[in-house]
Each structure stands twice: as C-alpha cells, then as structure tokens.
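The first chain written gets the first letter, and so on, giving A, B, C and D; residue counts start at 1 in each chain.
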Amino acid sequence: MKVGIIGASGYGGLELIRLLHNHTEVETIDLFTSSEEGIIFSHKYTHLLNIHDEPLLKIENDRLADFDVVFASTPSGVTSELLPPLIGRGPKLIDLSGDFRLKDPSQYEQWYKKKPAPIHAIEKSVYGLTEWNETAIQHAPLIANPGCYPTAVLLSLLPLLKENLIDATQIVIDAKSGISGAGNKPSQMTHFSETNENTAIYKLHQHQHIPEIEQAINRFADHSSPITFTTHLVPMTRGILATSYAPLNEGTTEKQLIESLQETYKNHPFVRIIKETNKFGTNQVYGSNFCDIHVKVDPRTNRATIVSVIDNLVKGAAGQAIQNMNVQFGFDQITGLQQVPLFI
Amino acid sequence: MKVGIIGASGYGGLELIRLLHNHTEVETIDLFTSSEEGIIFSHKYTHLLNIHDEPLLKIENDRLADFDVVFASTPSGVTSELLPPLIGRGPKLIDLSGDFRLKDPSQYEQWYKKKPAPIHAIEKSVYGLTEWNETAIQHAPLIANPGCYPTAVLLSLLPLLKENLIDATQIVIDAKSGISGAGNKPSQMTHFSETNENTAIYKLHQHQHIPEIEQAINRFADHSSPITFTTHLVPMTRGILATSYAPLNEGTTEKQLIESLQETYKNHPFVRIIKETNKFGTNQVYGSNFCDIHVKVDPRTNRATIVSVIDNLVKGAAGQAIQNMNVQFGFDQITGLQQVPLFI
Amino acid sequence: MKVGIIGASGYGGLELIRLLHNHTEVETIDLFTSSEEGIIFSHKYTHLLNIHDEPLLKIENDRLADFDVVFASTPSGVTSELLPPLIGRGPKLIDLSGDFRLKDPSQYEQWYKKKPAPIHAIEKSVYGLTEWNETAIQHAPLIANPGCYPTAVLLSLLPLLKENLIDATQIVIDAKSGISGAGNKPSQMTHFSETNENTAIYKLHQHQHIPEIEQAINRFADHSSPITFTTHLVPMTRGILATSYAPLNEGTTEKQLIESLQETYKNHPFVRIIKETNKFGTNQVYGSNFCDIHVKVDPRTNRATIVSVIDNLVKGAAGQAIQNMNVQFGFDQITGLQQVPLFI
Amino acid sequence: MKVGIIGASGYGGLELIRLLHNHTEVETIDLFTSSEEGIIFSHKYTHLLNIHDEPLLKIENDRLADFDVVFASTPSGVTSELLPPLIGRGPKLIDLSGDFRLKDPSQYEQWYKKKPAPIHAIEKSVYGLTEWNETAIQHAPLIANPGCYPTAVLLSLLPLLKENLIDATQIVIDAKSGISGAGNKPSQMTHFSETNENTAIYKLHQHQHIPEIEQAINRFADHSSPITFTTHLVPMTRGILATSYAPLNEGTTEKQLIESLQETYKNHPFVRIIKETNKFGTNQVYGSNFCDIHVKVDPRTNRATIVSVIDNLVKGAAGQAIQNMNVQFGFDQITGLQQVPLFI
C-alpha cells in the first residue's frame, strides 16, 4: 500500500505517521505540503529522525492520484477545495477535517463560518464512525472522519437512543478535552502559562461539533431534538472525557443500559464497556484506539450518567481514520492499531 | 485576636495560616495537633520558615477555651467529638469539615458512613455560606463551613432557583476539581503518575456533597427535588469549575438570569458576574476568595448553562472560613482576603 | 505614592499589579500602553475585575513625569529608547527588562542582538540586586532590575565567591525554569502540547543572562572567570531552581559555606538558608519574594552543590522591583511583600 | 517464547506488558505475584481489559523454571533472594532492580542499605547496557538491567571518556526525571499537590545510581574518578534529561566529540545523535526506546555540555530489558521496540 498524507505537520498528521509506521500493510508513506516543499520532515520534527527522513512533497493532483489512499489532516476550509477533484481518480480519500461531515451546506456555513464543499462531493462522502457505518465505509471514495468529541459522545449514546432507553429530548453532554485538540498553532488559548493550572469552558453553545452530533443521532438513532453540549479545556495534552446525562424512559433499568452497550459492541474490538469502577479516566485509553464506556443510573433522580473516554488524537482522529482505511481495504480492523494504552 | 487552628497540617490548615498571616486583626496564631506535639511547624513545612516557627501544641479544651476563635480543619469524624464540649466555653468555633453541615444525622450516617455529631451541637451550628446566611453567622457559636463543591454550586444557582427562573426539578451539575480537594494524604488516587495527564470521574452519584447542596437549596430557595451532581478530578492542584444545566421556566430570559445574579450579589465583594467571555476558567480566581459566575442561555434548547469558578482552598475552604470570622467579629468582610488572583 | 506601569499586559506587569494592590504606601496605579489606549484592563484580564477597571493610558513623557515611580516591564529593546528622556524628570524609574543591566554596550549588542541604550543612561542606572547593592539603589534615578536567573544564581553564589570559599574558575550552573519566564507571547516553544510532559534545554551557551551573571560576580565578588550556565524549561508555570557546582578551595568546609550564607543574609528577610532537607523545591517559595538556599559538600569529590529557588515572577521580577522601590523611598523592605508561599 | 513477569503491578512491569504485547516472538505472557494470587489483572488495571485478562499466578520456582525468560521488576532487596535459585534452571533471567548491578557487595550495602545478593549470583550476572555489553549479554543467565539515570548518562559519556576527549576527573552530571521513576507506591514525595508546579532536588549526593555509573565508567572507559551526580524531580510522568559537564582534554574539538558519538553508535538503532537543535527535550523520545544525545562545546570556557534524553520506563527500564532479551535469543534488537515517540 502506498499512503499519502496531506497536512503532516498537524497533530493529526503526526499521529497518522506514528501509527502507520508499524502498519503491516503499508509499504510507503509520503508527506505533502502546500508551503514547505523540500524540507526534510525529521529536521522539523526531530522525534522522527531515522523514522521519516524524506523531504516534504508539493501537493499535486496527478501525483496524489497514484496513491492507494490519501489522508488529509488540515484545518477546516482546505479540503473542501482540495479533495473534490481527486474523487474517483484512484486513491481512497480520508479527510480528518470537518469539511465533509455536515450533509447540509448551510449548517457548515453557519457553524464553521466558511464556504462549504461542493454538494456533489458532500453527497459522495461517507461519515466514518466505523462501528456504526461499516458497510457504507467499505465502498466510500471519500470518508469524512468524525470529530473527536462526536466520536466519544456518539459511541456511548447511540445504542441507548436507538433503543429508546433514554429521553432523547433532554440530553445534556459535558465534555472535557486535553489541549492537543486545539491543534499545533500557538495562541493565547493554548499558551502554557495560561492553560496550565486552569480548567476552562470555551465556545459555549457554539462548538461546530454540535450539528455533527445531532446529525448522527438523527441518522443512526432517528431522534431530532437539539442537544445541550459544552466543551471544556483541561490542563493535559491528550484525552477526552464526555459525561452525558439523560432521564430514563419509562421502565428502563440500569441493567438494560449496560446490556444494550455490551450487545451493540460485542464484536467491536475497540469499544470496551467498563462495569465496575471507582475511578474512570482518560489515562486508561492513552495512546490507544480504545473507547471505554461506563454507565450508571442514579435511583434518586432516575437519570443515567453515561461516561466515555478516548484519546482524541487516536480514536478521535488518526486511529479511527486508519480503522476506516482497514475497512475500505478489507484488512482486519485492528491492523496497526493494537497499541496498549500508556496508563502511566 | 488570638486564633487557634486544629489540623494545621491539612491543606485547609496550611491555607488558613497563609491567609491569616496578613490579617490585620489577628495578633497570634497557635497550631494544635493530636499526634505531633512539640514539632516545630516550619521544620515540617519549610515554606513557613521565618513565618511560623513555633512548636505544635497539644489539643486540650482548657487551653483552646482561651482563644477568641478556633478553626478546625480535620478529616470528617473528628470534630463531631472534638468541638461540642467547646461550644459556649468562649471561642467562636469554625469547622471546615463536613461534621456539622447536615442537619439530619441519618443523612450524615448514610453519606459519610460515620457516627454523626450530637444533635444538640448540630442544632447550635450555623451553615457558613456567607453571602446567604450572614445574620445567623454573626451570632453563631459554631459555624459549619460549606464544602468546596457546594460553595461553587450554590452561589451560582441559589438566586435563579429562589426566583423560580429555572426548573428546579431538572438540575444537572457537572463539577471539575483540582487534586488538592482530596487533601494531603497520599493514595493511588492522588499519586502523580496516575493523576497527571488524566481526567477522571469519581464517586459517581455517591459524593457526600450531594445532600449538602440539596439541603441548602431547600433552605435558601425552597425547592426539594433531588439533583444530579457528578465530580471529576482534573490534573491541576487548585480550582473548581462547576457547570450547571437547567431548563428555563416559562418566560424566563437570559437577561433576567444575569440581572438576578447581579442584583443578588451587588453588595457582595467576592462574587463577580462575568458577562462576556470567550474562555472562562479557574485561573481567574487562583489563590483568591472570589467566586466568578457566568450564565448563558442556549436558544436552541431553551436551557441555561451556569458556570462558576472558585479556588477550592480559599473561597471553598479557608477563605470563606475567615470571611465568616470577619462577620462574627464585625470586621469588614474583605479584611485579610484582598489577595489578587494569580492569573498565571 | 502614585505608581505608573508601562507594559502592564506582560507577566511582569500583571505581577506588579497583583503585589502593588496591597502595598500600604501606594495610592494609585496607572497602566500605560503603546498600542491599546483606552482599553479597560479588566476586560482584557478578567481576573482583575473590581481590582483594576480603569482604561489603559497612552505613553507620554509629560504624563509619566508626574508619577512618583514608573515601572517598565517590556521586551528588551523598548526601554533603551523610552526611559532615558525621563531620567531626572521626577519619577524614580525601575526597568524590569535587560536594557540597562550590562554596563558594556558591546556586550548588550552581542547577547541581545539589539541596539544598546545610550551610554549616559547606562551610566546613571544602578543594578537592582537589592541584598547586594542597597546603598546605590537608595539614590538611583534608574534601576536595572536583575534577570530571574541571575537573581537565583547570584544570591546563592556571591557570598561564597566573595570569601574565596569555592573555586571561581570552575563554576557550573544548571538552571531550570517554569514556562512563565518566556513571557506571554505565544510560540511553539510555549505551546502547551509541546511543553507539557517535556523537560528541555534551550539557548545552549547563548543565554543573555550569562554576561549579566559574570558582570555581577566581577563587581560584587571580584572574580572574572567565564562561567558555564545552561537553562532548561520544565513543565510548570512559575519557579526557578538553580543548581550550581564548584570545587572547594583549599581548606574550605561545609560548615564555612553555611555560615557564610547565614552571616551574609542574617538581616535580609527574603533570603532563607535551609540547612536540613530531603527534598528542596520551587513550591516552597511559590508566589512569594523569598529566595531559599541550600548548600551541601560531597566529600567524595570535595565539590559543593549550591541550590537556590525563587518565584521567577516575584523575587525574579516584580517582587524584587517593589523591594527596590521600598529601598528608594525609605520604606521597610518587606512592605507589600509579605505573601506567604503557596506551598500547594 | 513463553514469558514470565514477576512484579507486574510496578510501572516497569506494566511497561513490559505494554511492549511485549506486540512482540512478534512472544507467544504467552504470565504474571507472577507474591501477594495477589488469583486476581484478574485487568480488573486491577482497567486499561489492560481485553489485553491481559488472566489471573495473577503464585511465585513458585518449579513453575518459573518452565519459562523461556523471566523478567523481574520488583523493589530492591527482593530479587537478591528470589532469582539466585533459578539461575541455570532454564529460563533466561532479566532483573530490572538494582540488586545485581553492583559487583561489590559492600557498595550495595552502603548505598542501598540492604543485604546484598549472594556473591556467586552477582558473579554470574551481566550488566545489561546493551550497546556496550552485547557479547556478554548473549550468553548471560542473569542480566542486571541498568538503572534509568545510568542509561541516559552512560550512553552519552562513555564514548567521550573512552577516547579521553573530556576530563574524567571533573565530570558534573545534573539529571532531571519525571515522577514515574519513583514507582507506583504513593508517598508525600509523589503526591500530586506537592509535586505539581514544583521542581525539586532530592537524595543530594546519596543516589544509589552514583556507584553504578562509576562502576560502568571504570569498566567500559577505564576511569576511576568519583563523579558529581545530582537528581531532580520535575512535574511530568515520563522522561529523563541528563545534562553533563566536562572540561575538554588538550586539543579536543567539538567536531571530535560529535564524530566519536556518531562512530560509536552508527550501527545501534536506538541511539540518535542530534546535531543542530534550538530546543532538545524528553518529548522527542516519549514512549520509545530511543536515547537522543546532543553535545556542544562552549568556547568561552572550553567545557563541553553533553545532553541526553530517554523515556525512563522504556530505554531506562522495560525497553532496554526487552532489547537485552532480543540479544540473548538472537532476535533483531528492534523486534517489538519500533514504537514511534509520542512527540505530543
């Protein structure tokens, strides 16, 4: 397999390199850039010395057309122009940005404040939530890889919503993320001295992952109520913990919630249902493609608290993208993704 | 003023020393211990060298009776026996533990799994949520200083609940705390390597601050519905951020919520209502006695998100305790508590 | 006292505001800016709400001339032009930048790669290492406040060098600093995700504090050998720990080293000599103006290890600047600087 | 290959499991315990769910004798009794503790304050500094895996000392380590609130790795001068950065130092010589078995600064242990150790 990566300097791109380096089906990895052509990548990122010492290549469609798969990990607003011309020209396309996730272009404009991708390209793209969309992914020319927050939220809520075990009209989701989710571009918001020893809420009610989560709930669980979704930055690099709250529907028991999750994911190696726990945190999936889920009912309020954790750069980005590539090419889903979590 | 502190080695005690050291009305500070009598405190805590170099004193009621005020900062289950004999013997008593917060002894047994304080002592104690209980605090012989989580939650929710602006039957509170809230006793849960780079949920639905919050909502805002309250540990030392969610009651506007908070706290120097914000975090109150509150309505869901931040060791413990002492002795509330937050 | 601050947005400036706010001799604090005239400072830095809500003022010499003291906390290369015209026009000037520290302009050009200040202004300026230059500071129109690293290093080494107890020709200094030393300007070097979980060496052999340390050793201890000085960034916000190594001179004992330090600083409230220690760290001075020093001889090598810790933003910047102001105006040195360290 | 691990609960043990899980030559991994027999390991360490769900086994020599290799990762003082009876009974033994590193039992007693291993066992053991002792390791029945600090220090200094390029009589080594080096046992020293935002020096002149480094310098580079070696704790989980200082010997150039390192390690895949660098830190080897080295001469002092970084749990413990296993069994050294560093 010949793999091309556009936007290698971003954290999604660096993580693709880390994971693909030990993927048994991958022969070559080439990195493409819009502005840094010719730069030896390991001179810019010393940690890759002796691992990837080739120069960055110029983005050219004819060149990209020769690859088996092309991953794009760029800021929003880039691939909406870059990828459409490549559809059907050969390579499978996997986009880690938000440009092809929303089926309704007006929603993209509203939440991303940018020009949406052409409608024909959006229609050809498939939402890459692997555990829920495997068949469509197999034949997709272009995969819209899910956002980090939606991945953590949807994997934990979709089974319960699809089976109408919880009240879809009163979902509250409180998400906490490490700083790497903000990418590699320095800013006051990611400046160490103002981020360390600080837990903060940001983009209150405005996060562009809100319509993505609602679209997927509608598509996979057939509910259309708006959700309350808030995002927080905590002083760590990797990890997302999403705490979701919902009233139980009439007659639902905690046992049913647990069994629904276990049944849904019994054949999915990367989703683990954690039954008993005193402490449940992001370090149990650090550096791995796992999504761990814990659910508990509070009998005092008859509400369920559903908690899920992922590594935002792996299951929330590069790992799930590779999992989708594995599906597209008929490899075992776990190929190249068997990293054991760095608990410490 | 002669001040005595029981349990000086705990983080609440250390913070009392830090803040009282510059309190203009305090002449002497004596530290009492059950097990380390005679130890020079600054030999154990070097940061206090040249600040508090006296030996720890043995806890004896006759000795304690000579002080103007005695602060107790011990684990739960200690002051329930220690303080009752001192009531009325002279010193004002301010307890930072949970032993006198719950008026119903059976609730204490249920949530703390310990023997409650004698009922006569509980009845004499006054809940020290300064901004809401000032008159009672003035004449209280024994103050039950609020827990850190309840302080952050109650200051932000009570005005809105009291005025029936939000639906008291559907309150969801998602709280995040730094590790210092777990105290100074080493454990796996506070072990650096397992806490760093980790955000975790703990004590799910079991936290002993749940009945404390519900009791105060009942007492000060006259609502009795159970709440959903969850607690998370984030990898920082100080700070609590509480994110609360509630549907608006018929006809409530965001403007009303903001005005309710502004009106309630207009004469209270330590509560700040933050109107506009891109990022709202714990570092804006670090090391200070402030509680900052931000509220925003999501028109898509007609729910309010109410966010509040405090330094758990100051407004959530030692600072509020000193604020209560100031009220008891008729000092200006801000005496000794004018620390500017360490934003960085 | 009327105080003016130029460069309030920098971390040195923010710390000046934090400390001066409770300085009993300071009546007013005005903030000056080159680019943000009219902005309400507490709208930019929310943590200062209700503390400093005045608008930023335009930098104008006639206006600045009316103040009793003007602190400048700007990047290097700014005050070299800004302050000279103000010398002798009224206010005492205290510069926290490096522009007036080096007496030899060619050294400034070599290490700072910028145009030096006019020689007449450099000649009028006094190096503000308070404990070592008090008399000169009293009458200085312009104080060059020492750098953070030099403060930690010089306070620990000068007594031993002055008394020829250690070999001045073989000094090795290994310094570790929190990230706030790099200031408030975002960059890859201060980007959370690349700084967290990372200890790094930077500016190897090139740090501009090298000539400052050597100049002070020459001036106050009369030795002129070049030093080896390296700087490291550790993942914390505040604090510097400097570990210095030197062979003992013939006949020197550990006892002499300790007594030299104790004798030198016996009347200096902010320098503490720590004799016994299992663990000696930056948190014992966090947020305070203390410099703690520990020295130990290794009998196996007959070398001394001298360790000192400061809060780089307090004793290493704003705190020492205020200490110098206190000296200039004849106040007790500890006025406004009695903050107890935040050990946790 | 059948692999047994004694002391799996320690951080060295957990890291062995993480790395061996993807080792192509390893068929089975069994975990042995002295006190927790029968416990399902993934119930204790949730991050290993679906990865290692077998019960812990009781330590019995007859049982252990059936394995191809037995790793021991226990506190010092355990394997000195546990392993000697197993020597020659079948399995290759690899000890991650300090019990067999020092050839002189009296030194072990002096620095470890414990009873040394039997001399016959010490004599049979081989020091596992892979790059320097490969031939002996191939046939060793018992490998004493090097300490984390010695690994970082020796790999960077041995070539320069062996070729007499630097002055062996004046070596100063300043080492900084993440907290995981202190193991998984909670204590005040590893308590988050007292470790976070704190850089500290500990065990000054007393660290048990001092004699280990000196012994190896004597053995591999034929110098016997005592070294100055200090250890610091920085607030991160993984990583060691060692900064070493030495005067150049007559006529040595920086070019020679670099070439000496490059030549020594040209066929060693895990040691990387970094020539140009603005910032050189532990994150460039995070989670990997690399040791990166940078050397620079300060012409002002004619001293060399030699900096090396490793992940203390990988190259400094489990990774090097597996590298030694690969050598013992004739596998390619990189088998199972090709993890790409987690730069972020």
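By definition in this document, contacts are C-beta pairs under 8 Å (C-beta built on N, C-alpha and C of every residue); 3 or more make two chains touch, one makes a residue touch a chain.
Chains and their UniProt names: A, B, C, D = N-acetyl-gamma-glutamyl-phosphate reductase.
Model, not experiment: these values are computed from the prediction.
Annotation of subunit C and subunit D: jointly contacted by A, B, touch as defined at the top. C-beta contact counts were set side by side for A-D and B-D; A-D has more.
Between subunit B and subunit D the centroid-to-centroid distance comes to 45 Å (mean Cα coordinates, whole Å).
Subunit A and subunit D, compared by their mean Cα positions, are separated by 36 Å. Residue positions of subunit D with contacts to 2 or more other chains are 11, 178, 180, 184, 193-194, 196-197, 235-238, 277, 280, 283, 286, 343-344. The residues of subunit A lying in touch with subunit C in their complex are 11, 178-180, 182, 184, 186-188, 190-197, 235-237.
Within the complex, the subunit D residues that touch subunit C are 170, 172, 174, 176, 178, 189, 193-194, 196-205, 226-228, 230, 232-239, 241, 243, 245, 277-283, 286, 294, 296, 298, 300-301, 303, 305, 307, 343-344. Taken in their complex, subunit B has these residues touching subunit C: 11, 14, 17-18, 21-22, 43, 45-51, 180, 184, 196-197, 237-238, 269, 272, 274, 276-277, 280, 283-287, 292, 313, 338-344.
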